[in-house]
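Worksheet: the structure to be examined is printed underneath.
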Amino acid sequence: MPDKINEIIEELALANRILAHEGVLDAFGHVSVRHPADPSRYLLSRSRSPLLIEPDDILEYTLDSEPVQPPKAHLYAERVIHGCIYQARHDVIAVCHHHAPAVMPFAIAGKPIVPVFHLGAAMGEDAPFWDQHDEFGDTNLLVVKQEEGHSLARALGRHSAVMMNRHGATVVGGSLKELVSRSIFMCQNAEYQLRALALGAPQPLYRGEVRLAGALSLMSNVVTRTWEYWSMRLEAAGAMPPRRSSAKAARRPVPKPSRVTPRERRKGRRR
Amino acid sequence: MPDKINEIIEELALANRILAHEGVLDAFGHVSVRHPADPSRYLLSRSRSPLLIEPDDILEYTLDSEPVQPPKAHLYAERVIHGCIYQARHDVIAVCHHHAPAVMPFAIAGKPIVPVFHLGAAMGEDAPFWDQHDEFGDTNLLVVKQEEGHSLARALGRHSAVMMNRHGATVVGGSLKELVSRSIFMCQNAEYQLRALALGAPQPLYRGEVRLAGALSLMSNVVTRTWEYWSMRLEAAGAMPPRRSSAKAARRPVPKPSRVTPRERRKGRRR
Amino acid sequence: MPDKINEIIEELALANRILAHEGVLDAFGHVSVRHPADPSRYLLSRSRSPLLIEPDDILEYTLDSEPVQPPKAHLYAERVIHGCIYQARHDVIAVCHHHAPAVMPFAIAGKPIVPVFHLGAAMGEDAPFWDQHDEFGDTNLLVVKQEEGHSLARALGRHSAVMMNRHGATVVGGSLKELVSRSIFMCQNAEYQLRALALGAPQPLYRGEVRLAGALSLMSNVVTRTWEYWSMRLEAAGAMPPRRSSAKAARRPVPKPSRVTPRERRKGRRR
Amino acid sequence: MPDKINEIIEELALANRILAHEGVLDAFGHVSVRHPADPSRYLLSRSRSPLLIEPDDILEYTLDSEPVQPPKAHLYAERVIHGCIYQARHDVIAVCHHHAPAVMPFAIAGKPIVPVFHLGAAMGEDAPFWDQHDEFGDTNLLVVKQEEGHSLARALGRHSAVMMNRHGATVVGGSLKELVSRSIFMCQNAEYQLRALALGAPQPLYRGEVRLAGALSLMSNVVTRTWEYWSMRLEAAGAMPPRRSSAKAARRPVPKPSRVTPRERRKGRRR
């Protein structure tokens, strides 16, 4: 199991940096993953900009968002977002909160993002809105109290993402890689939807298309290709995270050219 | 002939990376070229993001989009796009399928791209639309079945490009370099057309201008200049493809300063 | 004190470069800081583009914007902006004048920027407009006369920023780091506000939210995170300023991982 | 004089690369300068993308746009733009023809760019439009015949720039550095004007402001600052041109920190 934990911690650092490098995160925003051995814990960095996060920055939290070890560094103010969603959604393995420039116009105007191209279907049919002011009145808009986190989790419901008025968005995934793809594709979708408006009312995907295309970003073909691409872009920018200092035997999650397994070959894959 | 094949394979890897670096392709999209010795075959990479493609990734396919050698890696799901177009259009030597951000607003809104500046004429007078839903109902929007590929090729007809609703575009060329120029110029055209809308209805080229300016991107003057420019930009980014491992004698298609041939000098070129 | 001065001079060079690298400043614009030991003086570079400023370029000025030492280089034409604001606002410790692309559409259209997301609240509830033509008629739009500087300072009043018609904006801060954050967040806010317009009238923050969220960029948590992020981006671009040549013992203001102080730990910080 | 010629040739290569790096030129566009010793000649590169131009690429032309030496390489098709303008305008020392993305929406919509911020005044009060179709009917839109060049020069008249419908723009200057500044500032102006439209009708500069601010980009203060900035950005990108191979003694036009001359000091400069 230590190997598995080292691996997931290194993957989480890599996911943070990929999402920063692809324009979803900037100085702010954070990504967590549920603990692979203990579903009542989650892993999240100390307070640091995502592009800079190293495996050694990753800390372990209870689902009440209390650090398991006494903290030696500042923690993210908004970590209850993660804990409250993990409590409410047992299927959720990874959470990303962000203020991506692509979603901000929608978060500000209070207008829904809808899937307008096949990869955009990763977000599902729609993402509900949550306005912190409705329930909590004037705040600094940070989600820092347990009751604020629970309220956000209720608004998320069974969806894959929730929009936060005048603030940003929170996205969830059944795995860290699904979360990364969904976050990036949803931003691309928002960008295209906004620009298409200049040409007239954009035509969203048919409901059946959303259902079918929503699974695209989970195809091994696609995951392999995107993860290699985003990793290599990060590497070309000289921004790959270092190894975990305590991880001598751990394997770095470096993407490898995907090879067809014998089982896949027997199935006569056409894709 | 082996030299010629090595050369075209290295040029195809370079074309993939140029189109990725110039913003036509991203994690997705693919470029193929008809086999130089056998018009019933085409060359296309294994499933990989275009910016990363190496000559050794290039595989040979029949026009039914079956790999000639048993595959050792994942293949592109949508390779029927290439095979079906090569079947339908004997004049087509190269095909590019992409989801460039510049064309997505048009693919989403279902509004036509029209040539609005001289280089944009490379796309021809217009590009028809193909909506997969019309004939096939709810799908994940990928073009993976032979009948989907044939339907797309019919929609393309004699045009140089076809728009795919809620998905992207497919562009064809009489040579790999023509394809690269046409794809890039069509994206620039779409970008300018969209931005011009804020100033009022854009005024497209006159029909006669489209015909005359459409040949610009084939002028040796222009091809030499653009290919050198795009290659050098790729090289400056440290992203040139490696040589083909089996190609010792093959010449890399490195751009050279174009020199006037004696024949050209005799013709008293003015351009 | 010399150490303190060396430190603030190096921080000022760094602030110039961060603001240039983050897109607030370009060939033009300038940033000053009030002298840490003498509130009747301020520090500002000789005339140079902000991305290139070195500690040795920083000069000392009286509040009449006269250089304390005879100048050996060109000076900024518009330095009265700084002197006049320091005269009028004893609480102001740092001033930035810029023509950021994000604010220019508002400066041109004469339409107000309003806080539309939590970090945008750093600009305060609104920023008044100052039109140089109202009081001074036809000019080249540079603020170069004392009376022009005083007029601008009056328009600024108690606000955190003032918009300058057909020219740009001037932003003030209670510290250099507050100024840097406010300038960057106000530009992001302007960008999001403009893009949100395509979706309908953007909904600004509630007045109480502006008040509460306006303090966000002063939270030690936030300052530490942003300063490290912006510095590391600058460093990755190879654009960190050199040390001050006369400063052997001075410490470079390099960001360090923030550690929880014993006092903070006793307070049982939750953020 | 050879030193002077080497210097201007190296400056012309640098100007080409600066304009490419700042987004005015791309694979296309060209910049020329009148011969410093012989006003009936001009200097222009062989056909090559501006970012790649080296001093050794620069050729000498008569005002009929004939190369003085027999050409060993492809020449720009549109060089008559330069020759015809130098014939018509004795005050013009440098010419730039471009298709910058910033001006294309205006060239396509046929709507005028007007100065909307102080630096934009470098373009003058307005730039007339020239539609090649009006006089020449259907063409490929390239300006390649002497009569096309003369027609364009007539449309330019006494202005500083002329817009070319469905094609681009041509800008002139009283010096190479003035041309570079004017071209860059006019593009920024176009960008800001377009984006300001989303907020309502932009308010252009007053006529007197245009006259006064139009001289800004010629202030030694400004020229020194911008030329150093643009050069250093080019250098940081690793794209500075090489020396001229025949120029051993020639001085490279590297920007130096501007020093106040004794004469300037006596004048008690305030800017």
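Letters A, B, C and D name the chains as they come in the text, with residue numbers starting at 1 for each one.
Keep this in mind: a residue touches a chain if its C-beta (ideal position, glycine included) is under 8 Å from a C-beta of that chain, and two chains touch if they have at least 3 such contacts.
Here the structure is a predicted model, which is why all the values come from computation and not from measurement.
Colleague: Same residues or different residues where chain C meets chain D? The copies count as same if more than half of the interface numbers are shared.
Modeller: different
Colleague: Determine the centre-to-centre distance between chain B and chain D, using the mean Cα coordinates as centres, and give it in whole Å.
Modeller: Computed value for the inter-centroid distance: 33 Å.
Colleague: Rounded to the nearest whole Å, what is the centre-to-centre distance of chain B and chain C, using the mean of the C-alpha atoms as each centre?
Modeller: That pair's centroid distance is 46 Å.
Colleague: Check each residue of chain B and list the ones that touch at least two other chains.
Modeller: 198 - these are the residues of chain B that touch more than one other chain.
Colleague: Edges wherever two chains touch, nodes for the chains themselves; is that graph a line, a ring, a star, complete, or other here?
Modeller: ring
Colleague: Could you run through all the chain pairs that touch each other?
Modeller: Those chain pairs satisfying the definition are A-B, A-C, B-D, C-D.
Colleague: What part of chain B is in contact with chain D in the complex they form?
Modeller: Result: residues 116-119, 121, 188, 191-193, 195-196, 198-209, 211-213, 215-216, 219-221, 224-226, 228-230, 232-233, 236, 257-260, 265, 269-271 of chain B touch chain D.
Colleague: Which residues of chain B touch chain A in their complex?
Modeller: 26-28, 46-49, 51-52, 70-75, 77, 99, 101, 104-111, 133, 137-142, 144, 165-168, 194, 197-198, 237-239
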